[in-house]
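Naming follows writing order (A, B and C), and every chain is counted from residue 1.
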Amino acid sequence: MRAGFRRYSAYRQAALAGVITNSVFGLIRAATLATLFTGATRSSEYTPQQMSTYVWLGQGLLSVVLLWGGWDFAERIRTGHVAVDLYRPWDLQAALLAEEIGRAGYALALRFLPPMIIGLALSEMYLPRDPLIWLLFLISALLSVVISFSLRFMINLAAFWLLDIRGPASMYALVSNLLTGLVLPIWMFPGWAQTAIWATPFPYLLQAPIDVFVEHGSPWRLLGAQLLVTAIVLGAGRLMLRRAEHRLVVQGG
Amino acid sequence: MADTLRVYAGILHARWRIAMSYRTSFAFEITGQAIGQLTEVVVIALLFTRIRSMGGFDVTAVLLMYGFSAACFGLADTVVGQVEKLPQLIRSGELDAMLIRPLGLLPQLCLLDIQLRRLGRLLSGLLILGVAAHRAPIDWTWDRFLLVGLCTVTGAVIFSAIFVAACSISFWVVEGSELANAVTYGGTAFASYPLTIYDRILRRLMAYVLPGAFISYYPTVTLLGIRDPLGLPGWFGWLGPVVALLSCLVAGLIWRTAVRRYRGTGS
Amino acid sequence: MIIEVEGLRRTFRVSEKAGRFRRSHREVVAVQDVSFTVPEGETLGYVGPNGAGKSTTIKMLTGILVPTAGRVRVCGLDPSRQRKKLARRLGVVFGQRTQLWWDLPLLDSFELLRDIYRVGQTQYRERLDECTELLGLAEFLSTPVRQLSLGQRMRGEITAALLHDPRLLVLDEPTIGLDLESKARLRSFLAELNRTKGTTLLLTTHDLDDIEQLCRRLMVIDHGRVLADGELAGLRGSVAAERTLTVDLQEPADLSGIPGVTAIKADGPRVHLEFLPSEVSAAQLITAVAARAEIRDLAVGEASIEEVIRRLYDLRPAPQA
């Protein structure tokens, strides 16, 4: 975990650039969504304060949860370096997860806080009064990191079977923009679509921790659902890794 | 010029042949790009289920703006989008290899690595623009046709200039590409919505520093014959060519300075 | 003269962290006071350790970098001002980066270069056929470049650099990473090219066999300065490097104590004697050996090129701080 933290803190210049990009998009999204509160129509689901928290929290969490990127492992599989990883005396999935959590910790400090500060400076944001909610948010964000890791872990593992995972990876990026609640809160979709979206793992990456923070819906129910999803995707990843190892042994790497 | 075009045709031909030999994955990439572009339309549609106007514009006007922005970005991205790769080319030394060929650096950069999959974005952008223009209550006189055509081209030129100027930063900053992204992709996102929804500072920045407003906002206002809520005259939409020319001059100057710095003239 | 360089100098500004926010700038001299000329048809090897200024010189000769000071003419042109014009008369091969299109078949790359360099169809066919035959390209002309082996790719690179029939071919580490057979093939092709067409070759290399087999002239650079420049034979003399006398004796004998001999290595009946030509001539030495034992066979060897260069480095003036 520590190694992950140290490795990623080397890229400070990249972090600064990333923060600027995230903030530009934050400004634009805040402006488009603010139109929901002007004129005759009023949005019933979020207050303006909650909406601005939603936007800036989303821009910050985006790099913590890592919605885009994170396909290095597939490259290790493609080049065959994975054999080394597999024969080390460690649990590969756990080791990669630990590194991922280290990376997320770094991102929390360098990529999450700056957009939040910008958001606080430019707009009135909803902040929970109850310290318990802050704690629950942290747990929820951690679960999001684990779910995001597990989903990408499986797509990366697909490299054992596919020559090139670019297809699935770009599909994932495409879908996640809309389904995680990054560009629009999930509650803005029509009812049937909402039900369908919450049945996928995607909203648990972003919408769930945000809703925990802005206290939209019951935080306990959201956390419970997230725990369930975490268990499923971690388990599925484990199963897939076992199949991949088997395949490697049979084919002799 | 004729030579450059010949090389251009040659590289397009070669790329097309490659794309056709991997037909499935090419189709997949094109579709992916197009879907990516269309997601934003879903966003606009969903927003308008809850609002009637955005910054004083109805859904047709907003879609038209989005259409202009998407089509112009698609065109610019296809033609000059490759400058994005500049940091990689500098690091790997491939830029040096380009400097020993008898062509300008910028044309080489744009031509030689052209990505046909970007056509997906261009086509979906044009489609959105076409549908939006078709649905809008416009009396299609010849000058309005001309305006749409002209604005698509000048808008693409403005975007291209922004691309080149923004990517020039890679000559100074190692991680320049992400900063450039903030300007280029941020610029598109910005130009996709009515100028009126942004606050004053952002608006000024967009209308005059990065001339994004001339890509979508002013053309739409002029085309629909709406009175500009910001009070600028209706003929502003026709200023595109002038703005495009100015943008090119500025971008050219920045690019030249950057390349001179790279080659070490007078530093 | 195909290359004329006079008082060439290039400095870089390096910025360093000097405190939390301050940055200090420092001038680093990469090339200083380099002067040389190369006549048409020459084969010149340009060697020096990493960071000695080789690449910087090459970049200034090809027009990639602009010199800080000094005068450069290549093919009668000013490289930095007339970059594009020069590009048509110049072929450049970089061993470690490609001129070809990674995902296109080799032949496509050639056709694109033909258009870029405006090579006429007849000349293009001629050069391509020639290279295809001499370098054995036929079997992989339609293979995408990324699938080629390094040796195959290098042959492709050389062809790419020759399509427009340049008068001067600059090769930057052309044999790096190649296996022995590929190296040999490449060297003989280049030697042939120089012999039949009179193409001037300028190559930088770490592999001294390249120099030995290809270059009549050697230029050694270190710390941005030219340490030595001349015919290989002359350089050997100037550094007073040891030569070797190898003798096969009829029966073992004690050869120690001959004046001028610096080292003796016995290998069964074969004995290697290193000697300083300035103190004893080969003939004198042979006479001295013959006086002590019966010689069955003998050979006089030159100092290895490594040895010559090592000595040049030893002799260099201390770098100025």
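FYI, a contact is a pair of C-beta atoms (placed from the backbone, for glycine too) under 8 Å apart; a residue touches a chain by one contact, two chains touch by 3 or more.
This one's a predicted model, so the numbers in the text were calculated from it and none came from an experiment.
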### Pair of chains with maximal C-beta contact number
A-B
### Task
If we define chain centres by averaging CA atoms, which chain lands farthest from chain B? Would you check?
C
### Query
Cα centroid separation between chain B and chain C, in whole Å?
47
### Task
With chain centres taken as the means of their Cα atoms, state the distance from chain A to chain B in Å.
29
### Query
Which integer distance in Å separates the CA centroid of chain A from that of chain C?
53
### Where chain B touches two or more other chains, by residue
none
### Interface hub residues of chain A, defined as touching at least two other chains
none
### Message
Taking the touch rule as given, give the residues of chain B at its contact with chain C in the complex, in rising order.
### Response
3, 6-7, 10-11, 14, 17-18, 92-94, 96-97, 99-104, 112, 263-267
### Query
Can you list the residues on chain B that touch chain A in the complex?
25, 28-29, 32, 35-36, 39-40, 42-43, 46-47, 49-55, 173-176, 178-179, 181-182, 185-186, 189-190, 193, 197-199, 202
## Note on the structure
Given the complex, residues on chain A that touch chain B span 11, 13-14, 16-18, 20-21, 24-25, 27-28, 31-36, 38-41, 43, 164, 167, 170-171, 174, 177-178, 183-184, 188-190
### Task
Would you pull the chain C residues touching chain B in the complex into a rising list?
10, 12-13, 59, 62-66, 68, 80, 83-85, 87-88, 90, 92, 94, 96-99, 101, 103-104, 108, 111-112, 115-118
